[in-house]
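The chains carry the letters A, B, C and D, assigned in the order they are written, with residues numbered from 1 in each.
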Amino acid sequence: MHKPDERGYFGDFGGRWVPEVLVAPLAEVEKAMNEAFGDPTYWEEFHALLSEYVGRPSALTVAHRFGQPRNATIAFKREDLNHTGAHKINNTIGQALLAKRMGKQRLIAETGAGQHGVAVATIGAKLGIPVDVYMGAVDVERQALNVYLMRLLGATVHPVTGGTQTLKDATNEAFRVWAAQCEDTFYVIGSVVGAHPYPFMVREFQRIVCDDGRIQSQGRFGRLPTDIVACVGGGSNALGIFTAFIDDDNVNLWGVEAAGKGTNTAETAAPLAVGSVGVLHGSRSFLLQTAEGQVKPTHSISAGLDYPGVGPEHAYLKQSGRAKYVAVTDDEALAAFHACAASEGIIAALESAHALAYAQQLAKERGEEGLIVVCMSGRGDKDVTQIEKLDGKALVAEVTG
Amino acid sequence: MATLLDDAFAKAKKEDRCALIAYVVAGDPDMETTRAVLDAVVEAGADIIELGVPYGDPLADGPTIAAAGQRALAAGATLENIFRLIPGTKAPVVLFTYVNPVLQYGVEKFALAAKRHGAVGVIVPDVSLEELEPIREAIRKNGLIMPLLISPTTPDERAKKITQTSEGFNYIVSRLGVTGKDAVDVEGLKDHAARVRRMTGFPIAAGFGISKAPQIVAIRDSVDGVIVGSALVEAYASQKGAAAAAAGASRLVRLLRLACKRAAPAAAGAKG
Amino acid sequence: MHKPDERGYFGDFGGRWVPEVLVAPLAEVEKAMNEAFGDPTYWEEFHALLSEYVGRPSALTVAHRFGQPRNATIAFKREDLNHTGAHKINNTIGQALLAKRMGKQRLIAETGAGQHGVAVATIGAKLGIPVDVYMGAVDVERQALNVYLMRLLGATVHPVTGGTQTLKDATNEAFRVWAAQCEDTFYVIGSVVGAHPYPFMVREFQRIVCDDGRIQSQGRFGRLPTDIVACVGGGSNALGIFTAFIDDDNVNLWGVEAAGKGTNTAETAAPLAVGSVGVLHGSRSFLLQTAEGQVKPTHSISAGLDYPGVGPEHAYLKQSGRAKYVAVTDDEALAAFHACAASEGIIAALESAHALAYAQQLAKERGEEGLIVVCMSGRGDKDVTQIEKLDGKALVAEVTG
Amino acid sequence: MATLLDDAFAKAKKEDRCALIAYVVAGDPDMETTRAVLDAVVEAGADIIELGVPYGDPLADGPTIAAAGQRALAAGATLENIFRLIPGTKAPVVLFTYVNPVLQYGVEKFALAAKRHGAVGVIVPDVSLEELEPIREAIRKNGLIMPLLISPTTPDERAKKITQTSEGFNYIVSRLGVTGKDAVDVEGLKDHAARVRRMTGFPIAAGFGISKAPQIVAIRDSVDGVIVGSALVEAYASQKGAAAAAAGASRLVRLLRLACKRAAPAAAGAKG
């Protein structure tokens, strides 16, 4: 299934589970999206910004030393080379252009660690549209640098003090603000989550990741990959790189969730692995919840994966079996982070390091014909201070020793 | 059982006032307080109780109710002990709950338990018309009704469909945004109510942002009921102990209830 | 003059002013370079890494809002989008491949703020060649994050305690270490400085900046730029973007030095503006020196421009008049940094912000036909903490208010 | 004046020893101390003085001499007052200076002043053969000589050219790298000396890393002179005050000077 049904469902998942105040704004976005998607000039502007501003197509880098010894080939799809250092910008450009088209005067966004917030602030600055970012007060505190970056880019950051004061609460708040101000305001959601049409719309913006990745793989290797590996927070980089391959049954699709301290512990962030079906932020999908239906606090070393829900299309791909989902712990991700830095000269985002960890394992199982493309969803400069605190040095010794 | 609700609106109408619907967060800050608050509120003249099931991610609620929910959850509120608040409450009780706790509990099981404890209906603010049917079916099957919300941005055709589906009353959202105490555009609200009035014979109750007697005075002629939430939560949450909380809630409800009484025709200037 | 003479001179500047111990290693590099430069397979490998690993060609971005009101067009050549975030990597790849070809077992490098060190550590990791980086002890202290990055990448960082404990002393030390260990060690110099053949060799690696920039400008605008603006530290990004245009007399070339607190103060780093001819790090060029011929301490807000010397080819271009050199103060650079972030969504390196400041001025003087290409030599993520300390917020208010 | 140098080597040869060339950094930590050290060193038996002009960026020097230079610069050493150290020094003085101070002072002016103060020559380590001519011309014109350095990596043909150009003596670098006290490969050094010996009749002096009597003992038969720098700087720099510094320097020079004396043929085992 490539498009959700008209109610926004991928199989059993998705939909529009929102208060009535949000129905009209969502319908307005859906209508504008459908018009824009049918308009070649819209896509031209999108692709022009991606190539001239973001620097697309992003490179495909063969990793010669990472994860050796192994037989299979590993290549990285380098979203870390994008302007602002992650795949997030692909999506924010698409939405900001839509907002412009709709005549909206302001962009709002939720952000966790600040990656999406920075990406929205960036395109807001570029297009001259004011940006307000909602961010959990706890996150504001611990991601001070990204907060400052957003301010440099001219955005206003609003600390959210409700709930757990983290990403899910920032998302709640952004929805609330949007409900109140939808007339002149566009809500830029940061992943393939939220109510219809967001999961579909964000995917369509992110599929550029594999649309050019597919071309490159054929040009470079004369064939398609055997395996695609991507980390899954909300799931946008994963769908970005999965989508063009969805009909190629021989291409295995792997989504890697954050196991945190382990999927058998409370400190985890892997809804597809250990969550259950429910409703969060406007759509039906897997989420981590209590027996009472309260959303659980999550944990992952990587802020971008530290989210209790997951995009509905992933729930569908899991159910249909088209994609497989695995989970990687904090420690495994850290080890892969270090191995990649030391063997490939690439400081990966901790999010992407989850995909690396699984790819490393897969590459040992696959034979010579294996061709594993990993989505390097972002660069890890943002994570280095945190990793240094975790005494990276000891880990480097472990990895390389 | 829906007749309990009808009765409440009918009684208010007979007394030439709009009905007062009091929203209370169950278990905030503990069950004992809620018990006392419910009793006080009914005693003070609330016609209907909206009993809020606390939820950690309440998309439709502002900071006051969200914080009340957090307090209730921290104190260990569960659906089981929330249900137990219903039987002793001497006014019709409509549960107000986000959908996820219901789904997780099981919709059938939820409806059955709510019914058994004496609830008349359930409002689920984040179930849009499009998602409604299977849930409504389970709820109705168990003899509960589901009032639906209509927003100022809801287009006419859709609003009509909602009024045709809504039971008990039509919950009209007084403004864009969420619950809370920020200003309400009274003229806009009256237009909104008039629009819905043209669509349905069922009672109309307005909520979101109704917090003060003068607001009620201004709109009481346009609606059949007003829903007061955040203001009521503030009135009891600022007090220490169940008794003081009950007294705080009671004071506010008495005041608002007075405002619900429509003026004699002579003073009908307030109608315009 | 496109190539130095056989003694390594660009006009009166350059040469090989080194102790005899360094003459043989330099001659060995020169010989290997000449061979490699004549070997298409060498360039193939170079270009493959640049496209598949670094992500070249880097984008050319038209800046619509920066520096308005103005008539001229401004475009940014986006070296900030390169892997590791600056033009530096172009050069380190070229040198590392040469080292590999020569069978050297180890790379050494000097670094100031750490940018070049990170770029060397990166390619060392990628190619599996051990890297030792020499860095002034003062710089090690104030650039702790880059030091940690280099370690993550597997490099060893050696604090240099001699002299002023900054870049020039790190360079001295690297030369000394090379003298002692030249047999198995390749010295990767970070800019178009040092003894022959380095200024020429580094330029040849960096000219990729304009070789693709030239193509893009013609493709995008149907014509060449009227003006090229680049910051000048050692001068490698500037020569990188100047070189392909050197015979196009209608293209004005502007090198922007760091004036620091002002070229009329002692706290400056603008040898072409206020220095005099002398010898530093093996070549004859302009430098900041005392009447006694001692190298002066310098100051610039931007670590990458905080160097008392400048590549000899710039001295030549200044003398010949082919390029013009101007200087921009700390405050002007900071203001341009903020303006660019808020109007284009690009956090520029403070080095590049010097070029931005001058381009902004130039764009007001030029008419409609003006087409100013600025070398965005690097991204400014590395500078944000420092700028925050300088109370960027006050400055944002000044710039946008 | 170059004859003063020739005389010094000739005298050492006559006494069957290699000449001892003492490198002192001018102005470290002040001019008074250097004065005392120079006197003490000459008194203790140094045949030739290499007077180092302090420089902030000494590419050919290790940490000891680099730090000495920093101290001298911090204390305000200038070429003018460095020149003034020469006349009172009772041994031939060769200045050792990096090229930039010379260029900035003016090569002609520098040579003239050095000559006038009584220097016999000047070593400029960072002027390679390729850059030499214009500078050498100015130096020679003023009656000074320029000894040149030859490194172990200098290819034969180039080494030959250097020996043909070098005046006074051939300064052979004892190892790769810079001045300092780290180990010297004695066998390599002897080969290097022998290679140069085959090219020239001029004296050969070895420097860089010569710091201990046993090293001198090991090489004294292969060279005509040894240059001691870092070890000497350490010997006086660790002392407090000019007198103590002079005594420290003197102690070391006496010891090394003993080592310079070639053994009687019977003890020639050290030659191998």
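Methods note: contacts are C-beta pairs under 8 Å (C-beta built on N, C-alpha and C of every residue); 3 or more make two chains touch, one makes a residue touch a chain.
Small disclaimer: the values here were computed from a predicted structure and weren't measured.
Contact with both chain A and chain B is made by no chain of the assembly. Averaged Cα coordinates give chain A a centre that lies 34 Å from the centre of chain C.
Centre-to-centre, using mean CA coordinates, chain A is 67 Å away from chain D.
Per-chain CA centroids place chain B at a distance of 98 Å from chain D.
Listed for chain D are no residues, as none touches two or more other chains.
Among all residues of chain A, none touch two or more other chains. Contact topology of the protein chains: linear, an open path with no closing contact. The touching residues of chain B, counted against chain A in their complex, run 55-60, 62-63, 66-67, 70, 73, 78-79, 99-105, 125-131, 148-151, 153-155, 158, 162, 173, 175-178.
Interface residues of chain C facing chain A in the complex, by the touch rule stated above, are 51-55, 58-62, 64-65, 78, 80-83, 85, 121-126, 128, 145, 148-149, 151-154, 220, 338, 341-347, 381, 384-385, 387-388, 392-393, 396, 400.
Every residue of chain A that touches chain B in the complex is listed here, in rising order: 7, 15-25, 161-164, 168-169, 172, 175-177, 179-183, 276-282, 289-295.
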